[in-house]
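Each chain gets a letter, A, B, C, D, E and F, in the order it is written, and its residues are counted from 1.
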Amino acid sequence: MIIDAHAHLVAPDGLYAYRTQLLADGGYHAGKPKISDAALAACADGNVAIMDSVGTDLQLISPRPYHQANSMQPSRLVEPWTRANNDTIARTVALHPDRFAGVGALPLVPDQPVSAGFGELDRLVQLGFVGALINPDLHEGRGATPPLGDRYWYPLYERLVEQDLPIHVHSAGCFSERETYSEHFVTEESIAILSMLRSPVFEEFPTLRVMISHGGGSVPYQIGRWQAEVLHPGLGGRPDSERFETALRRFWFDTVLHYPPALELLFKTVGPDRVLFGTEKPGSGSAPNPDTGRDFDDLKPVIEGFDFLTEADRRAVFEDNVRLVFPGLKAIGGRS
Amino acid sequence: MIIDAHAHLVAPDGLYAYRTQLLADGGYHAGKPKISDAALAACADGNVAIMDSVGTDLQLISPRPYHQANSMQPSRLVEPWTRANNDTIARTVALHPDRFAGVGALPLVPDQPVSAGFGELDRLVQLGFVGALINPDLHEGRGATPPLGDRYWYPLYERLVEQDLPIHVHSAGCFSERETYSEHFVTEESIAILSMLRSPVFEEFPTLRVMISHGGGSVPYQIGRWQAEVLHPGLGGRPDSERFETALRRFWFDTVLHYPPALELLFKTVGPDRVLFGTEKPGSGSAPNPDTGRDFDDLKPVIEGFDFLTEADRRAVFEDNVRLVFPGLKAIGGRS
Amino acid sequence: MIIDAHAHLVAPDGLYAYRTQLLADGGYHAGKPKISDAALAACADGNVAIMDSVGTDLQLISPRPYHQANSMQPSRLVEPWTRANNDTIARTVALHPDRFAGVGALPLVPDQPVSAGFGELDRLVQLGFVGALINPDLHEGRGATPPLGDRYWYPLYERLVEQDLPIHVHSAGCFSERETYSEHFVTEESIAILSMLRSPVFEEFPTLRVMISHGGGSVPYQIGRWQAEVLHPGLGGRPDSERFETALRRFWFDTVLHYPPALELLFKTVGPDRVLFGTEKPGSGSAPNPDTGRDFDDLKPVIEGFDFLTEADRRAVFEDNVRLVFPGLKAIGGRS
Amino acid sequence: MIIDAHAHLVAPDGLYAYRTQLLADGGYHAGKPKISDAALAACADGNVAIMDSVGTDLQLISPRPYHQANSMQPSRLVEPWTRANNDTIARTVALHPDRFAGVGALPLVPDQPVSAGFGELDRLVQLGFVGALINPDLHEGRGATPPLGDRYWYPLYERLVEQDLPIHVHSAGCFSERETYSEHFVTEESIAILSMLRSPVFEEFPTLRVMISHGGGSVPYQIGRWQAEVLHPGLGGRPDSERFETALRRFWFDTVLHYPPALELLFKTVGPDRVLFGTEKPGSGSAPNPDTGRDFDDLKPVIEGFDFLTEADRRAVFEDNVRLVFPGLKAIGGRS
Amino acid sequence: MIIDAHAHLVAPDGLYAYRTQLLADGGYHAGKPKISDAALAACADGNVAIMDSVGTDLQLISPRPYHQANSMQPSRLVEPWTRANNDTIARTVALHPDRFAGVGALPLVPDQPVSAGFGELDRLVQLGFVGALINPDLHEGRGATPPLGDRYWYPLYERLVEQDLPIHVHSAGCFSERETYSEHFVTEESIAILSMLRSPVFEEFPTLRVMISHGGGSVPYQIGRWQAEVLHPGLGGRPDSERFETALRRFWFDTVLHYPPALELLFKTVGPDRVLFGTEKPGSGSAPNPDTGRDFDDLKPVIEGFDFLTEADRRAVFEDNVRLVFPGLKAIGGRS
Amino acid sequence: MIIDAHAHLVAPDGLYAYRTQLLADGGYHAGKPKISDAALAACADGNVAIMDSVGTDLQLISPRPYHQANSMQPSRLVEPWTRANNDTIARTVALHPDRFAGVGALPLVPDQPVSAGFGELDRLVQLGFVGALINPDLHEGRGATPPLGDRYWYPLYERLVEQDLPIHVHSAGCFSERETYSEHFVTEESIAILSMLRSPVFEEFPTLRVMISHGGGSVPYQIGRWQAEVLHPGLGGRPDSERFETALRRFWFDTVLHYPPALELLFKTVGPDRVLFGTEKPGSGSAPNPDTGRDFDDLKPVIEGFDFLTEADRRAVFEDNVRLVFPGLKAIGGRS
């Protein structure tokens, strides 16, 4: 069975028109998005067709990351907007319960405690979602959200551990005027890993499960820098420190890297037992690669073609690791 | 001949005490740092000994990047501080003219035009420096410096092209509270590449030469993302756009990647003709790698061990590419 | 012929989803909204059906005011968003050229000169629009846009006079946390009138034509206050000053007042020759009035029922005054 | 008996010079204003003469609203300044106890809890004042004071209800650069009504009595808008909602409208049982109306001339409603 | 003849009430202060009586310094307020032309060029004023006005030199919450002297005449610090620099020091030829000194009692130096 | 025995280079300064030689005031930097325990409670320091630190009184752009005295001992102003108030005034029993006075030359007063 651990909602315009409506009236008459069953079904069916075309059995779908909008002003709009996204996912899952499972967003807001997201987290559990999508930069490039290693986030980790829900780390928009949202994804993934490893997060929450998007940002490539630093006395390291490459394996990584040599580097650096199949398809990688004729994000054949992976490795990547990280999937057998 | 294109000044405490003095008196009595010839010679000789121990013939030395301090307050201190660094480099080069060449910093200041650095740039030329060290984030993590693709920087590019001086891109400190300065290096290198490729910089300045530190940040690893994007119509790309991997080869990259598989990825992605030998030694990589017994930043044996490189490739990396990018080196034959 | 001088675009979700898309990607890949001809025709036809049901021959349609979004961040998004609205109006007019005429918005941005809107204004003329919708509070309740009497706006007035285009004054959103957008409409209409009358606008631009929404905000009701003030020496007035009620008649007013006694007050205060038929239908007044069984915004019967108006008065209000203020309508004969 | 529910203190220069003194020395030596008994008596006698000339028996006098100065900086000056105003009122009332009664201001300050005014409120009670003047925009046009419906104000309402004191709502200065203070009065009166009706204030404080100045701002004129909105499902309304015109009658309104048709609209919209005679005389309406030869604010003959009012209505407006809202007047019989 | 070079306007409440009026209405109806001739004459006569009681023949009167209010908000009020002060001085001088001469304030405003004061400066010349009162801290303790040595001020110096008008340096209010206005006077006088001496002001404007209030702040007492600094090579000084005590004599100083030993220190440090008689009477020194029975600011007997002064010295201090600095006095012979 | 109560650390460059290192890496790897025993001994010996040359037996040394850096950003660096200074003092004292005693700085930070310094204060006690150096302007000229009379500081006073440690008041840097750090010293000393005397500090902490640097700023010179004010009813004074000159004697003052007439004024104003010998040597006064041939800060001969002092006075100033204020010195006998 092929489970895609990183995919996003495909929704009708009505969802996105709703945000414009919220912004226009300032939230005085929030209401709900107007999405007909037919429009939603058309979107969901279209996505299933794409999955079938590339051999994906099951997708974990979360809100389009760059639509998370945690820094939206006025901030009271973040909650209805997030609910609308999660609700649309729930409706989509209900249409195809054996093809989709939900990963929900939380209405976290810059400079407010993470407890702002607890109500929606509880609701996600009730709706049967299997994980939470976390934007580590609530300011979306315009401020200083405490990084994921900071104690600011710990009450949320505590809650997630209680609920046995994993985190999918994926930043949202970026308005710094220096990076596009897509470039910012990479930056934030790197910061997420490095800040958490500089912190006691995994000592305090040893059962917390964290999946980093896009193959871990820059970290597997720049790993030599961090390997040296933890051993370098002049930089606060100790020769007998835990090796960085060991610590790094506390995370899980998805395969959303559209360049096979990079994906190979990822496997060899963190090990196939820490990698989850993910495509983010349809998405920014859904353009045909002129060298292969297939879309950049059609990653199943790429992984199947890696001869350094064993059959057990591939099974782990395509299914077992995903089920390990997202235990809420146990009820879903797929059609394999 | 082995030329290390990325190394930094080793200086006595007197240089760094000078910055503290500037800060304390607010620049009213700037003066100059007090560094005796003996103290300076001891530092320089120590560095030469390190070079000898790893087989480096010539180092291009620039100010310690994280001491560039472009965002120092009050900003009028940036100029005397930058001059002090460059002057100390010039004195060091004068002590060992066949072992060192200078790459100078510029007193650029947040929210001021880049012409603030022209005076010092002219002075660097007079002092025989062979390149300019550019910090692309003058706010040092606390604001929105226009990225290197922005027209803000073009007057500087024009001046550099006139002087035939290359740029070494290397960020400085980071006070965002989200990244360490070292993590910020990687972020800024990625932004530098991506913002310049989104801009017309290389059309307007076709002879501008830019060396990106640390193997290009995250870009060679995440390249699939950008390859797809430039071809994806939904993201403003066109199927007949210039391929990203072609465009990327407008830059040069140094080898400051302490993880051999990553270095291999770099060579295979951008080609050996765009890579310059660099070690940043002594620096944060100067800790022994327990697996090899050598320092992480002792990169010459690593490169010599890559059997996918030809002899000509190696010569290009160790010397020819450096001389191509930094033509001011022509007078320095080394002891080879 | 019945011309409704104050109505707004009825558009499919695709238009509003576009704004969400702009916000999410920060404008890096602006593109255009995706609105099919079929979806647009369905909206336009629905609106024509409403017009038919209340006897309106021709509507002047402008963007939904609270979607003008002049204060949207980042501000570079205002231009593509405004163009998208105007383009959708142009497409709607093209579908029913004898039932609709366009009044376009301008991409004005807080703290930028009004010349930011000149390019779009020229485009509106080329597209055959007959007026410009002006939001007098570009900050949308969060700052201090100079009021319409301020010289800030004069370059725009000059341009409008040259093009013989009238202004329809209508504010947009409100994020002050004190008023809803709808309450803010009234506030801004009052400020528009009073600030213009305190200024030399009408001396410098005697041919400028300005239509104030919603019966002039509070001014006709509070007029006694301003009548006294212009005559009161202690407040800078003079006994021989122009009477306020005379000055007020430099403006035109629409009939969007859903309370007949208020509408009667308007007619008696400013005179039927300064009033234009307008309904803003469909809109916030499209709820049935339990006392009449008709929608609050079904104003034609109300006006027809005012026996203090002559037949000529009614013709002026329903058609002649509109044609006087919006001379660009001359080509449109309607079906009368 | 004719009771004018809306009038303000007439005071000697010494009171106003005191504010300048406070500002100049920053409050280090606050002291008290220097107002001689003779100067005060001259002012009070002058005002009594005006009352006699227009047939007013009793005036409720409060500080000149635009002198409330809640946003004065440094904010510690607000308290002594408010006390000085209230003290001068108390001295004036003591001079003519059958012609004047006091309505006092409170030293409320932007961004501080309303409990800052409790001390002075208690003092007002001890001094025999019959109501409290409340400025609903403490920032005076430069910030976002929570509107009167916000829970920010509820501790004050609780205190007022305990003391059985009514509120007279009247804004102060305006420094937004968009409105004059006088224009801002109208805006703030409208916001006061609309925000309170959107809130549960009157459910939580059913005995709270609120008099809105100047005939209720824009609300009676724009009432159709709000009638429709509360019934419009698309705007959060319900067809069976309480009708807006019913809800509006929870407030009282004064007659400070200098335009007889507007005053007529007020009476017909809210009913004579919710209207209190008020003139704000002497004030901005004290200029002769060329059409009548009487001052605009000489409103007694206007009301007496309304033939749609019964004798009982007139008695209610001139006296009974005032005594109902301000029960503290019971001891004052006047000279009728 | 005894000329008091440092005294301030004694004015009726009407002047100070005017500022409150300006603040309340935001300047929309600025008007002028209402000061009757009788009230003004009473104040002026009272001041003449005080002068007679201590033997002063002529006073140079300027606005009460702490009423200068350069930082008043909104800043457009500064001009009418300053004019009102200067006008009241002009009227006072006109009442007693042989007992008073005017020193006027300028409507300078934080963060605006000093040319904002040129119009009023020209008017002062026309009105016959003999000097200009300059507040060197326009932000009044809340910001960073460039100090008097900064080029910000040079256009004003140029204008003053052209008009042959001297400067009287005296700060205004202080809202830093760290100093009272009176303490701030001393701070600002010190900054004025030291910043001007660190600048080329006196080289560029050799004929500029500057009188520092209150005996020069802290400078004559702390002079040893500055004497050493200008000679100390480590602090940018040179052993052959102009001696500080020489440079200091470019200024003039008044005698407003209420402690005879301090006044003696002043005379001995700067020399009697740089000291002008001044009392600031009536003012904060007008309290009886229990040790002498005379007011602290009754300084004539103190100076007459200094036996280290010659008769010529005393004449210089009491009259000749004042006439030298304020040549506009030449027309006033006094009653001596 | 001659005890110099006001002197500062003479330290090698390594200390000051450490601050630059902290700033560059943002405190991620704080570490400690690298100062060899030899380098430190050289500095200490040099200072002892200076002391011998002017006859000083014992110096109380504190950090160079302008290196206190309380406003350094990011503020977390203040603590390691302060510790480094105090540690270097402790090492210096340990080298010459009979020639030096320590006065330590505290890591106080703008806008944080003074309890931030308690940990270091306890450590100072353990290290045998005899006093605490307090910078009263933690913002260093860029903000509004509450003055020393404010309750903000009281928890620190309570702690100091418990530990029987005196305060040496000395400001640090100044970045207001209006004063140099040295000029700011004088301003802050004046503010310290005046704000404490306006407060109940000495009533609440009668045993608190406070030494003001540099002869008390401007206060002894401007004392007449304050003498009058406390007696002036118009300024809140009372004729029977405690005389200012009496209150002033609650402080102690050092002799760091390089101008003998000023020093004489100090002695005569506050009395020799409130003055402590201090030179701040080596420092900004260490330039030869051309008139005497001795350094300005060689103050022992100046004081010995004052014939108005008795022998007992001199002994008090040179030793007894210092021992009274700094009782922790009792263990140190000196070489007398």
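We take it that contacts are C-beta pairs under 8 Å (C-beta built on N, C-alpha and C of every residue); 3 or more make two chains touch, one makes a residue touch a chain.
If you're wondering where the values come from, they're calculated on a predicted model, not measured in any experiment.
Contact with chain B and chain C alike is made by A, E.
Note that among the pairs A-F, A-D or A-C, A-C reproduces the D-E interface, with over half of its contact pairs the same by residue number.
The angle of the rotation carrying chain B onto chain E, fitted on C-alpha atoms and rounded to the nearest 5, is 120°.
Note on interfaces E-F and D-F: more C-beta pairs are in contact across E-F.
A straight line joining the Cα centres of chain C and chain E is 57 Å long. Averaged Cα coordinates give chain B a centre that lies 69 Å from the centre of chain D. In chain B, the residues touching two or more other chains are 28, 177, 180, 234-235. Note for the complex: chain B touches chain A at residues 137, 144-147, 176-180, 182-183, 186-187, 190-191, 194-195, 214-215, 217-218, 220-225, 227-229, 231-235, 237, 239, 243, 257-259, 261-262, 265, 268-269, 284-290, 295-297.
Chain contact summary for the complex, chain A toward chain F: residues 234-236. Interface of chain D with chain F (complex): residues 28-29, 31.
Across the complex, chain E is touched by residues 12-17, 19-21, 23-26, 28, 34, 64, 66-67, 69, 73-74, 173-175, 177, 180-181 of chain D.
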